[in-house]
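Both complexes shown next keep chain A, but they swap its partner, so chain B is in the first and chain C is in the second.
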Partner chain A sequence: MPTTVAQTVGVPRPRTRHIAHGFGSGVRVVAIVVALAWSLAPVYWMLATSFKTELEAAELRPTIWPHAPTLENYRALWNGSLPFVSFFLNSAATSVVTAIFAVMIATPAAYALSRARFRLRRPIGYAILIVRMLPLVVLLAPLYLLLLHAQLLDTRAGLVVGFTTFGLPFAVWMIKSFIDAVPIEVEEAARIDGYPRWQILVKVVAPLMLPGLVTTAAFVFMEAWNNLIFPLALVTTLEKQTLPAALVLTFSGQFKTDWGGMMAAATVTTVPLMIAFFAVQRSMVRGLTSGAIAGA
Partner chain B sequence: MAAISLRDIEKRYDDVVALANCNLDIADREFIVLVGPSGSGKTTLLRIIAGLEQASAGDVYFGDACVNDIDVGDRDIAMVFQNYGLYPHMSVYDNMAFGLRRRKMVAADIDRQVRSTAKMLNIEALLDRRPRQLSGGQRQRVALGRAIVRNPAVFLLDEPLSNLDAHLRVQMRAEILKVHRAVSATAVYVTHDQVEALTMGDRIAVMNDGRIHQVGTPDELYDAPVDRFVASFIGTPTMGFVLCRVNRSVDSVELVADCAHVRLTAAQSAAAQKRTGDDRVILGVRPESLLLMSESDAQQCDVMLRGAVEAVEMLGAEQLVHVVASDGSFSARVPRDRSVTIDEHVWFGTATRDVYLFDEDTGLALRA
Partner chain C sequence: MERVKWLDSMVMPTVAALALVVGYPIVSTIVLSTQDYNLVATEAARFVGADNYRKLVADPIFWQSLRNTALYTFGSVAISAALGLVFALLMERFVGRRGRVARLLLLTPWAVPFVVIAFLFRYMYLQNGGAINALLLSMGAIAAPISWLNVSTLAMPAVMVANIWAMTPFFFLLLGAALAGIPNEVIESARVDRASAFSMIFRIKLPLLRNALLIGGLLMIIANFNDFAKIWAMTQGGPGYSTTTLVVYVYRQAFENFSFGYASAVGVCWLLLLLAFAIAYLRALRLT
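Let's look at the complex of A and B:
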């Protein structure tokens, strides 16, 4: 008897749950589609416009998709009058070097902040973050003066210095959170095995947080790549300019804006960012959250 | 080859005293166990021996040499950690070879040493695996292997079995002792489990609140605890304690409580007399020495305890009866065939030589 009761009661239950589930997921799908459309719309517009002819791109009633798709805009980037390849290489070189630099400097600092016990550990940790709290613009004038005296204005090296200044604090804290997650016993075992600290860092700790180092490097890379204000202010020669700054400086003229060309250049600018992001997005989310908890 | 001496070791963290006045002499090749409840300072003491932590005061000697200022890596020690501390990114082989490579050994010698150690521990088949591909017991073996492969003079183990299930733990105890005999190193073993301590240690140091209470063989600790803490910590089920008044008459001394009556031997009387200030002592009695008997038989015994049953625990071969009285509580092992019910009034008897006396204030054992 009890089983039949349970069965009769039990039968409709999954159905209601199924309906509720279906309704919930319907709402969810709509919400996701809206959010996706909202955030991807500009990206789509960038892509679509980059394949339009000059005429179509400038039409007063814009077309939703390119009616006569063309690669002319992309071809013009390489063959046109602008040193677009230089822009790309400038961006790539400064961003990559900044990423490597920042990780190399940040790792020992983060190791000390994570493992060493000294009185000013916490204040120093927060002091490093202060740079991060200032708006970029505030750093600009002092940085300009520093680079001026160091004779690094209008050089790629100067840009790397600027990017690193801003990327380093974040790198230190992010890497610190990865080091915090390495069990201390593993390091103590290496100490007992006779290894000095710096070798433990290189041979034991670094390999264990390699995904963290790559993620941090990617993050710094993306920030440097995206930075618009530093190159605009610190670099004066057009050939030495990075992509974002070059986009602003070259494609919008006083009398005419080359929308198609600008969007093609923007697309090319975006691709390395996309690659960097998707390569590390999983561990980046983990690194950011673990950093949030450890730093709290 | 290393005897270890700890001289007046003290460890303070700001105002907290973690270790005070710790003195311990460990003979070469001895297997000594540091045992105590959590927070007793046993792991801190082990880490000071290792050099992973600095003592606030006091000296550590290996043989005749003071090693206070000698770095961890140069002390010729090996350590097994509670959570193993294996290098996750290295194979089992590399985990074991890592320390040898630092010592600039020839590759062929490293290989020979790693393989012979692996053979001894039965982990030859695992040499290519990563730690995360191993079970808890296998990781434990690898941790042991990594420790002994270097042939250290001192072998330190920090609760190495606490992450294993009960069955594996018993098996690994024997394994560790076998390894210890094979490597002829001085071993210091930390555990909170007194059964582990009793079964493994040549000698045991019982610790509590940052102090070493007693150092001795398992027999000494069980038979002659120096104070109430050691008496209660060593032995399961734990010793029962009853607060008694001392009744002196012309020819004898008796201990009296609501739930106990004891006629002391001449020697015990003398010991109890040392406490002339007041007339109270604490009576200690182990569950295994109490015999359940009728009231009339119990009255005949030199030691009689009685009370209402608070709880009965079934242990398989026998049952454990807990009695709580106004001036103390104790438990007794009772055969299965005697049925005991809650709240039943029961009598126990035993011989005078099986009871312990402790000072009420200091907790120290009162002995003749």
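Let's look at the complex of A and C:
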């Protein structure tokens, strides 16, 4: 067989176009189908239920496919009794602003940690990584008091402060890994011409790692969008809530039996996260393997 | 001789933000933990020394939530890592367009918000009309529908299943990348030596995945220690205290009883525990 010759000299493994042939391939196909079903069935169930009437969603023998598909659940989110549009806008505004702030604050720090020489460089790098691992809930009580005194409790600005700070450590480490990959030579010319560091960062380095900055922003966005504990504890007016907290707070009332409506709201909450996730999933491996991702 | 400065102006915004929003609360938590401070009580905070800590040692619910946290964290992480490894091995040679699409689809649970996962599984766990009961009944695995989240012995495993579903893509992606990074020479020479499929996985590949498993595992242990959204939105820690983890317990003490002092004492203990894992993580990073 010609392939054995190639194998013995360590040529890259022959790329089988589809699943490997031979022993075990049938088992493998079945296992992959099971894995896909496990991963996708709950998401399918959410989508299918969101198009069911309240009655059908509550049926004792659940229907796999909506018998009478309806958009009523989504329409009710738009013009129902709850300010769902506000929830969505609150989530979108706080998450987007957080992503922008976090990247803006983290980029110079990452640049300094990557390029500058100062004595506290390593300790600060590690301290930032450890902050990342702190339990949010433990810091919640003092943070609550802090925002109370700053009159930022129950405001979107207060949420952005919390989200941004806890997004920073991750952003710093991720952006640092992107800056590390930019060859230092590209900065030399600008340095010889006497440009200050800030200008080198903004005009030379940042454009080179723009995709990295966008990826980082998307990660911070996802994390802010996902956060439940901050809005739940730091926002008290329902109209100012974000989607995750609103789902929890309104469930006891509105959606107690209305699973169709609940799943429509869940779908709306999921879509922005899914868009951000699939936009950056390619660079996720890079983030993971560089040790930059500190908590998913 | 050039003098090396201590700090760099460019890290100052980050350091300032962290000092204010994280550093101050840490110090404040430690201070609060020595006080009898109730936000809604009329009397002012007063210093009580180690009283909160004495109360904590004698508090059975604290110990139970510690056990629950350990079970939830280590159980979910171990099973997700195993599942993610199986997925990665299954997909290893599945290349081409269909392989790429299948890989993306396997990542889907990662893109679902935690709160949504919680409500989705809550709906599927329903005793009457829940998809999981319907499925198990039709397969003959159970005789009567079960109220998964309302039975104290079943609630924790049920919440863990949702958590495992959410976490598996992380390990799948991480281990898939690590598998792809194994040099072809290693695989080929094992193949030439006619290594069996079993020893190929357990003697050749697994040892080479050790670092990825270690780092990924520690990261997820830390993340799960702090997981709030899934448990809170599914069971709020119940029934009884059967799914109350440390996060849930601290949250209840602080934001339902408003006893910030006691909540802070629990928090400080937990900070110390977490620090041990954080240090282990940093060491693991340096090893690789």
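Here is the rule we use: the second predicted complex is superposed on the first by the 253 of 296 C-alpha atoms of A that agree within 3 Å, B and C clash if a C-alpha of one lies under 4 Å from a C-alpha of the other, contacts with A are read in each partner's own complex, and residues count from 1 in each chain.
Throughout what follows, contacts are C-beta pairs under 8 Å (C-beta built on N, C-alpha and C of every residue); 3 or more make two chains touch, one makes a residue touch a chain.
What you see is a predicted model; the values in this text were computed from it and never measured.
**Student:** Of the partners chain B and chain C, which touch A:R122 in the superposed model: first, second, both, neither?
**Tutor:** Neither: A:R122 stays clear of chain B and chain C.
**Student:** Is A:L134 touching anything from chain B or chain C once the two structures are fitted on A? First, second, both or neither.
**Tutor:** In the superposed model, A:L134 contacts chain C only, not chain B.
**Student:** Just chain B (first), just chain C (second), both, or neither: which does A:E188 touch?
**Tutor:** In the superposed model, A:E188 contacts chain B only, not chain C.
**Student:** Touching A:F277, do we find chain B (first), chain C (second), both, or neither?
**Tutor:** After superposing on A, A:F277 lies in contact with chain C but is clear of chain B.
**Student:** In the overlay, answer first, second, both or neither for which of chain B and chain C A:T269 touches.
**Tutor:** second
**Student:** Once the shared chain is lined up, is A:H67 touching chain B (first), chain C (second), both, or neither of them?
**Tutor:** neither
**Student:** Tell me which touches more residues of chain A here: chain C or chain B.
**Tutor:** The partner with more contacted residues on chain A is C.
**Student:** For A:R75, is the partner it touches chain B (first), chain C (second), both, or none of the two (neither)?
**Tutor:** It touches nothing on chain B or chain C.
**Student:** Quick check: in the complex, which residue numbers of chain B touch chain A?
**Tutor:** 50, 52, 72-74, 77-79, 81-89, 98-99, 102-103, 146, 150
**Student:** Which part of chain A faces chain B closely enough to touch in the complex?
**Tutor:** 183, 185-186, 188-196, 204, 207-208
**Student:** Which chain C residues qualify as touching chain A in the complex?
**Tutor:** Its residues touching chain A are 4-11, 13-15, 17-18, 20-22, 24-26, 28-29, 32, 86-87, 90-91, 93-96, 98-99, 102, 104-117, 119-121, 123-124, 128-131, 134, 165, 168-170, 173-174, 176-178, 181, 184-185, 187-189, 191-192, 197, 212, 215-216, 219-220, 222-223, 225-226, 228-229, 232-233, 246-247, 250-251, 254-255, 260, 263-264, 267-268, 270-271, 274-275, 277-278, 281-282, 285, 288.
**Student:** Spell out the part of chain A that touches chain C in their complex, as residue ranges.
**Tutor:** The contact residues of chain A facing chain C are 7-8, 10-13, 15-20, 24, 28, 31-32, 35-36, 38-40, 42-43, 45-46, 49, 58-62, 105-106, 108-109, 111-113, 116-121, 124, 126-131, 133-146, 161-162, 164-166, 168-169, 172, 197, 225-229, 232-233, 243-244, 247-248, 251, 259, 262-263, 266, 269-270, 273-274, 277-278, 281, 284-285, 288-289, 291, 293-296.
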